[in-house]
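What follows is a set of structures to go through.
The two complexes that follow have subunit A in common; it is paired with subunit B in the first and with subunit C in the second.
Showing the complex of A and B:
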């Protein structure tokens, strides 16, 4: 019997959820313990920072560089009205009528506003802060599709502008936050969060992969744009990258599935779910 | 009053203008993705405008910890507006197409 059979997903989903939540909490707790001395003694004092740095700058530059290129191609491809469906490149028809624009606007307003509310909880001045509203990103991605993801990108940009974080690095943050919603939207098969397979996929794509991809995407951009951004590579790869991963993952892992579970039927009933609004053509 | 702009701001503005003009041209030619590119470009410029406005008002980057809660309050208002739009769409839009 194949491991992909439905009944195997229940224990797999539970195990993955426990592992992801534990990793995120471990990252958060160890960061909180070390945060007061990171500026003075360097990111090596945080176990996650030391672990990231042990792999070397070149490792992260290559891995994150590949993710940056793939992420940017996916973003431009979706912007141009094309998408990958069933291993094929197909045209997707999003009307961008008043409803789609309103969906993008509401996602931008709720996500951006939610981020700004906690903008005073600064972690790296000018670069990032404690952001519990990140939990909305994968949920809006799987509920609203591309309009939701565009809203997330703008929400992050608005939060940067309102919170005092707007800078050259915001270009990376724009696409990085788009990917935070796009990865679960594109890679999860069942978006309902009503089966163990759906929950397993959420933890895999919506928490682990999207959080890491977003963190590495923005970090690579900050590294490349360093003359304009000013954050040294030691802090980018030893502090910013692991912190953004933990920051994205922690609340999403704890609250995300429940939020998605509650909102899915409402969005579906109101006809706002992406699957009711997008058509594909070869 | 702090009026010093961040390093590389010109590139952000130029990028916003280029994407806006490209999007406008594509939208006028009814090309796929034109309208979206126009929104993206305009959004960039609006965000930069918010930044400039806050900078001129002297409250840019002064969030909560620095005794100014104005940006945080704007954030709360945005959340309320977003939820309002969410509740309003089905009543006004989807059913009538």
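Showing the complex of A and C:
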């Protein structure tokens, strides 16, 4: 079966990786090309912005609303010590001992500090910028599990605070960044990144799905909380949502697998991998 | 500001948010927005933060005003009296558009500056205690506080690793976007390995101090709510309420 898996997943993983990287680079390049005139003519001049807007605000509000509800339920469920395993709701015993607290805190410090130190271009003041440290998000998820995801959530909050952006919109960013690590952690079967199936899963869940989910989660929150946050819908759905997707995807698609591949054996050897620290009860 | 109880500053930030929301959605008065904005700016300035924060707030103010003036006119009601044309750019605004754009800009800015003031004038340990006293589980509250403690260390580590890699001919500013991004693997890999070592050492240090043994967390120095905290909140509240009354007077509107 493993030979069969390898036979089918190798080309699939290569094709998916090429498609995802191409989409992300295309998004980044078209954004850079349109950035000069986007101020004058609005987000429609960026092909991605136009594509998002062509589906209409209502479409995105419904789709993102569903993802928001599911994402929030998953977040609350995981924090309350329950998780879905093999289509069943089971109790998970995360120790939350000193090591877990230290992992979450240091993950938050690295993610938050990394976002600030490596932040280059501010794209939407108060809301987003180019973030090379986003490459850490799926890696923290697949290596450290829930403590890593909690670290991502707090790290984003810290980056917002240090960037002077901490506001009501940061609540969406808190859970959105949790999901960025949680989706690959939960949906990838093999976290080693040492098989074609694992790499295929990484590009599917860790790059495509998690980036899109995170972008739509935060955007829906900003849209709903518009009276509290102060962003217009045209800005959110025509610019913010596609840009967050592109920004997350481009970094994780190009660098994520290499980083995960290098770090996995070290994490396993030191007993810090989530699978060595969590037990499940039926 | 530094001597105030962090809980008073948290309440103040919430009050700023509440009045900003009211103004940004219902009152739509740029004058009232400016009153709230001025109050948070004064609070920030008298707390004497490092110059970095003042510069950041200045840049943020300019950029948010710019964005609001560009994007909000599309959502503004039609009609109104033309009152402003920006030379060179040629953008013209009616009173309705300008009220909306400026009120929304202040809605974004004032709460953010209030939070900056709160964070720059509070010690992490005091914020932690304030969170615990607000019934946040102390293990959860400890994560961001511990992260803040390690933040300068991590930032120094990143700079050190970048310097070390640059001395080995790595150039993060050269190349196309994918190749520049790929170079960050050489920064984040050693950083992550150092982080894991630190996590193990920190875990041992926390265990040795009995972290997590007791459900009830005690503190060597307890926060005390004093008269000046109450006075600060009353004074702040008065400014916002009086400003509101002044701005809804017919002669101002």
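Following the convention adopted for this analysis, the second predicted complex is superposed on the first by the 274 of 282 C-alpha atoms of A that agree within 3 Å, B and C clash if a C-alpha of one lies under 4 Å from a C-alpha of the other, contacts with A are read in each partner's own complex, and residues count from 1 in each chain.
In this text, a residue touches a chain if its C-beta (ideal position, glycine included) is under 8 Å from a C-beta of that chain, and two chains touch if they have at least 3 such contacts.
Since we're looking at a predicted model, the values are computed, not measured.
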Clash-or-fit label for the pair subunit B, subunit C on subunit A: clash
Contacts of A:230 with subunit B and subunit C, given as first, second, both or neither: both
Which superposed partner A:255 touches (first subunit B, second subunit C, both, neither): second
Partner chain in contact with A:56 - subunit B first, subunit C second, else both or neither: neither
Which superposed partner A:11 touches (first subunit B, second subunit C, both, neither): neither
Contacts of A:81 with subunit B and subunit C, given as first, second, both or neither: first
Which of subunit B and subunit C A:96 touches, first, second, both or neither: both
Subunit B versus subunit C as contact partner of A:161, first or second or both or neither: both
Which superposed partner A:115 touches (first subunit B, second subunit C, both, neither): first
Touch count on subunit A, higher of subunit B and subunit C: C
Subunit B versus subunit C as contact partner of A:265, first or second or both or neither: neither
Clash with subunit B (superposed arrangement) - responsible stretch of subunit C out of 115-123, 169-177, 205-213 or 223-231: 115-123
Residues of subunit A at both interfaces, subunit B in one complex, subunit C in the other: 96, 98-99, 101-110, 112-114, 116-117, 122, 126, 150, 154, 157-158, 161-168, 228-230, 270, 272
List of subunit A residues in touch with subunit B within their complex: 79-81, 91, 94, 96, 98-99, 101-117, 119-122, 126, 150, 154, 157-168, 170-171, 225, 228-230, 270-272
Of all residues in subunit B, those that touch subunit A in their complex: 6-8, 11-12, 15, 32-33, 35-37, 39-40, 43-44, 47-48, 50-51, 54, 60-66, 71-72, 74-83, 85-86, 89-90, 93-95
In the complex with subunit C, residue positions of subunit A that touch it: 21, 25, 28-29, 39, 42, 96-99, 101-110, 112-114, 116-118, 122, 124-126, 132-133, 135-136, 139, 150-151, 154-155, 157-158, 161-168, 227-235, 250-251, 254-255, 258-259, 262-263, 266-267, 270, 272
Complex interface listing, subunit C residues touching subunit A: 17, 21, 24-25, 53, 56-57, 60, 63-64, 67-68, 70-72, 74-75, 104-105, 107-108, 111-112, 115-116, 119, 139, 142-144, 146-148, 150-151, 153-155, 158-159, 177-178, 181-182, 184-185, 187-189, 191-193, 195-196, 198-200, 202-207, 211-212
